[in-house]
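We call the chains A, B and C, going by the order they appear; numbering starts again at 1 in every chain.
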Amino acid sequence: MATRKAGGYRNLTGYAFISPFLIGFFGLTVIPVAMTLYLSFTDYNMLRPPEWIGLEHYERMFTKDEKFWHSLRVTFFYTFTAVPLRLIVALAIAMLVAKIVRGAGFYRTVLYLPSIIGGSVAVAVMWRQLFGLEGAINTILKWLGLSGVSWLGDPKYAIWTLILLYGWQFGSSMLIFLAGLKNIPNDYYEAASVDGAGSVTMFFRITLPLLTPVILFNVVIQLINGFLAFTPAYVIFGDGRPLGATLMYVLYLFQNAFTFFDMGYASGMAWVLLVIVGLLTALIFKSSEYWVHYESKGDR
Amino acid sequence: MRLRRIPVISHAILLALTVSMLYPVAWMVASSFKESSSVFVDAASLIPNQWNFDNYINGWKGVAGVTFTTFFKNTFLVVGISTIGSVLSSAVIAFGFSRIRFRGRNLWFVCMMLTMLLPYEIVMVPQYILFNQFGWINTYLPLIIPTFFGTPFFVFLMMQFIRSIPYDLDEAAEIDGCNKFTTFVRIILPLILPAMMTCVIFSFYWRWDDFLAPLLYLNKVSLYTVSLAIKMFSDPDNVTDWGALFAMSTLSLIPVCAAFFAFQRYIVEGIHTSGLKG
Amino acid sequence: MKRRRMFTVLLALMLALAAVLSACGGKSDNGGTNAANSNTAGRSENGGGSNAGSGSEGSGGGDAPKPVTLKVLWWGGQTRHDNTLKIIELYQQQNPHVTIEPEFTGFDGYWEKLSAMVAGNNTPDVLQMNFGEYLTQYAKNDVLADLNPFVESGIIDTSKLDAGIMESGVVDGKLLGIPLGMNALTVIYDPELIKQAGAQEPALGWTWDDFKAIARTVHQNLGIYGSPTLEANNILEYYARQNDQKFFSDDGTGVGFDDQIFIDYFNMQVELIKEGVMPSLDVMQQHSALEDQLIVHGKAPFDVRWSNQVVALAKAANRPLKLTVLPGPNTEKGLFLKPAMFFSVAKDSKNAEEAAKFINFFVNSLEVEEIQKGERGVPINAEIREAISKQLDEVQKNMFDYIDLAAANSSPIDTNYPVGSAEVLNLLGTDIEDRILFAEMSPEDGAAKFREQTADILARKR
C-alpha cells in the first residue's frame, strides 16, 4: 500500500492542510520567539539596543535570585492545587448538566458566567469584597460556627483566594467536557444497559475511557494555563503581597520586564518556564499512550 | 435523552451552584447602579440605596465624543472576523495533524505546542517591532491576521475530537470517491461541530476580553475596543469613575453571554443531528 | 450537500471580510500619513524632513509656518482624556499649522505601550513621564530630548514657573521634562473624629510624638484605629530627609541614610501595632483601593497620601477632611514638592521645537488650566495657580491651599534616583516592610537586609 508515490501524495496533502499554521509560524511567530531567546542572553531594557552578556541572567536566576525560586514554588503549588480542583469540579458539573434536559441552556450559561468576567478590574474589586474580613465568605464561615480568616492579609491564605477564583471559573473546562460527553454515541450506553450494566460501571467502562482524549486536552491546557497565570494575581494583589505569597512566576517575570526595565532577564525567565512546562507536557503526552483511548487507532 | 432519572436532586444541586455563581455577578451589576464614590462604602449591600442610571449614561459617552457605540461596533468587527478566521483555519490544521500521517508531523505539532508556552508579555515587544515594520500599527491587522493561521489551543482541541471519530468513516467516504479535502468537509467537519462551537465560544470571549494587543496596536480612540475603553475609567492615583467602570463592564458581559447562549446549543445538538450511523 | 454549501458560503464571507479589512487598513494608513512617516524617519537616521515634505502639499501660503504633525501620548482617566483633547483642539485653533495626533491610555498598560513604541522606534513627539525610576531610565537610555536650548531661546518661558520644581526634571544637567503640576505628601485628617475623641487637631509645627498621642487618644476613646500603617515607599524618604539625610546615597550605590533612622521609623509602627492603635498588616491589606482606605470608612482619623489623591479620597468619604503637613521635627527639611508628571519630548522627534511650543502653551496658558482645573496637579505657574484657585470647588481649593502651605514649609526634592530604584522600592514596599510589620523580622535586621540588598541591586544595574 505504502508506495513511494502514495507517501509523497500523503506528505503533500498533510502539508497542504497544515499550511496555514506553517505560514503563520514562519511569517509571524518564529521571528519574535527567536528574538526573545536571543534577548535572554543580553542586557535589554527596551529603550536601548540589547547588549550581549552571555549566560549572566541564567546564572543569577539559578544561583542568586531567591525571588525566582520563591515565585516558582508559589506557581507550582498554585498549579498543582488549582488545576485538579478546577478539572474535578468541571467534570462533575459537566456530567450533572449533561443529564439535565429542561433549562439546560440556562444552567450552562449561568455556570459559564464566572469564566467570562475573567480578569477584569471589576472581578478584582468584587473578589476582594467577597474575601474581606467582613465579606460574604467569612460571614458564611461564622454561620457554620467557624472563625473567619484574613483571606487577603494572611500569607497562608492569600494564595487560596486565587486558587478558589480559578476553581470558580471552571466554565471553559466544563464546556470542553460537555462537548466530549456529547460526543460519546448513545448506542454504547444502550448496548451496555441491555447487558445490564449499572451507572457506575458505565461511567468507568464507557464514559471515562471515551472521555480520555478530552481529559488529556484539559490536563495539558490547564497545566499550561496554571503556569502562565498572571492576570488574577496582578489585578487582585498587584505586587505579590502579602509577603510574596501571591508572587506568581509570570507576575515576577512581568515586574522584571516592565517595572525593573530588565526585559533580558524576563526573557530568560520565559525560556526557563518554557522548558519546565514543555517537559511536563511531554511527560503527560508520553504517559497518554497508556491511558488515552482513541477510536481511530491507525491513521494514515 | 437517556438519563431522565432523579432530576430533582440534580436540579437542587445545580440551583445551589447557580446562586454561588451568580452572587458575584449580581454584586457587580448592583455596583453599576451605585453612586461612583459609594461603591466601596456600600460594598456589602447587594441592593443600591437608590438606583442610579447616570453611570450608564456617563459611561456610554466614552471619551472625546467617541461613544461606546463605536467601541462595541469595533469590537464586534474584530471579534467576528478573528473568530471565524481562527476556528476555520484551526479546523483545517487539526485535520491535517490528526488524519494524515506525513513526514515531520510530530515535529510541527511540537513546534505548535511550544508557541503556547511563552507568555504574551514577553513576545509582545519583539512582535510590536515586527508588526511596526509591516506598517500594521493603528490598524486591526495585528489583531486579526494572526488568527487566520490557526490557534494552537483550538487545533489541539479539535484534534482530540477528530481522533475520537472512528476511522471507518473516512474509509467509507474514500470508497465513495472522496479525497482528503472532501472527506474533511463532508464527514469530519459536521462531526466536530460541537468542538468547533466550543472554540467559537472561547474565541469570542478571548478576543472580546483581549486588552494588551489592542493597547499596543491601536492609537486612535475611534479604533478602540470595549476592553481597552473600559480601562480608561480607572486611574489609580486619581478619581476613578467606578460606577461607569462597573456599568460598562456589565454591558460588556452581555454580548459574550449572548454569544455563549446562542452557540452552546450546538455543542449539545451537533452530534444528534448528524448521527454516527455513517 | 447542504452542509458543504454552508461551508463554501462561510469561506467566501471570510475572504470578503478579509478584503474589506485590508481596505480599511490601507485607508487609515493614508489618513495617518504622519504615523507612517515618523516610523521611517525614526528608522533611518538621515530621513529627516519627510514630515515637512508630505505635510506642505496641502498648504498654499509661502511664508506660513510649515505644517507639522505632533504625536502626543499620555495616561489618565476619562476626565483627563476629555480635558486634554479640549486643550489640544484649542491649541490647533491658535496654531493652524499644527496637527496633533493624541494617543492615550489608562495608567494600566501605559509603560508597556511606551516601551514597545520606543523599542519599535516609534516614540511619540510629546509624552507624559513620571518622576523617579521612569525618568531616570528614560534619561539614562537617551530617549528624551534636552529642553534647555528651548528655554534659552525663549520658546519655553520659565520665568513664572516654580524654580524648585523645575529642578526635578533635570538629569545630569539636561532638562528632560517640564512638570505639569505639583504634589506633596500630606496628612489627611478627620477633624470631627479627633474632636470627638477629645484630642487636639494637628497644626503646623506638630511632631511625630503629637501624631502618636492623637492616634492613641482616638483609639482609646473611640475604639477605632488611631492611624493606618504608613507606606514606607513614600514616608521613609520623608523621615530620612527630616534627619538631614537622603533616601539614596549621592553616588547612587546604596542607601543614603543611617540604619538608626530605618529602625526608629519602623519601631514607631511596630509599637503602635502592638498597642492596637495601628491595624495589623492583614487589615491594611483589605483596603487597597484609594476609595477604600480606613479614613473613608471612618475607621481611622488619619491617612498619609500624595495631595492629588485627596480628591478621590474626600469624594468617597463624603464629609469634610482637612489637610496638614507631615509631623516634625524639621518638617520643612523633610517635606518637598514633587512633580505630579512631566511632559517630555522624544530625542528623535523631528519636530522638537513645535513640541516645545506645545509644552510651553500647556504650562503657561491660563486657558489650559481653566479646562483642566488642577487635574494634573497644582499648576507650577504661580500666576495661573493664583487665578485658577478662585474657580475651584471646596476639595480642590483645600488641595491648592495645602500646596501653598507645603511650598512654604519644604525643601527641594532629591533627584538622585539611581537606575534600579524601582527594584529597591519594590524590595522595601512588598518584602521588607511586610516582614517587619508582620513581626517576622526585627527593624534592626530589616535595616541590615535593606542596606545589603539595595547595594546588590544598584551594583547590578549600573
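Observations, loosely collected:
Following the convention adopted for this analysis, contacts are C-beta pairs under 8 Å (C-beta built on N, C-alpha and C of every residue); 3 or more make two chains touch, one makes a residue touch a chain.
The structure displayed is predicted, hence computed values, not measured ones.
The interface with the largest number of contacting C-beta pairs joins chains A-B. Among the remaining chains, the Cα-based centre furthest from that of chain A is the centre of C.
Per-chain CA centroids place chain A at a distance of 16 Å from chain B.
Inter-chain centre distance (chain B to chain C, centres taken as mean C-alpha positions): 35 Å.
Annotation for chain C: residues 112, 115-116, 119, 289 touch two or more other chains. Shared interface positions of chain A, defined as residues touching 2 or more other chains, are 46, 125, 132, 258, 263.
Counting only residues that touch two or more partner chains, chain B has 39, 43, 121, 125, 129, 148, 231, 234, 242. If you check the complex, the residues on chain B that touch chain C are 37-41, 43, 63-64, 80-81, 84-85, 88, 121, 124-125, 128-129, 132, 135-141, 144, 148, 185-186, 189-190, 211-212, 215-216, 219-221, 223, 228, 231-242, 244. Across the complex, chain B is touched by residues 3-4, 7, 10-11, 13-14, 17-18, 21-22, 24-25, 28-29, 32, 35-36, 39, 75-82, 85, 101-109, 112-113, 115-117, 119-122, 289-292, 296-297, 306, 308-309, 311-312, 315-316, 318, 375 of chain C. Chain C meets chain A in the complex at residues 111-112, 115-116, 118-119, 133, 137-138, 141-143, 280-286, 288-289, 419-420, 422-423, 426, 429-431, 434-435, 438, 440, 460.
For chain B in complex with chain A, the residues that touch the partner chain are 1-5, 7, 10-11, 13-14, 17-18, 21-25, 27-28, 31, 39, 43-44, 89, 92-93, 95-103, 105, 108, 111-119, 121-123, 125-127, 129-130, 145-146, 148-150, 153, 155-157, 160-167, 180-181, 184, 194-195, 197-198, 201-202, 205, 209, 227, 230-231, 234, 242, 245-246, 249, 253, 256-257, 260-261, 264-265, 267-268, 270-271, 276.
By the touch rule above, chain A contacts chain B in their complex via residues 7, 10-11, 13-18, 20-25, 27-29, 31-33, 35-36, 39, 46, 93, 96-97, 99-102, 104-105, 107-123, 125-127, 129-130, 132, 134-136, 168, 172, 175-176, 178-180, 182-183, 185-187, 189-190, 210, 213-214, 216-217, 220-221, 224, 228, 230, 250, 253-254, 257-258, 263, 266-267, 270, 273-274, 277-278, 281, 294-300.
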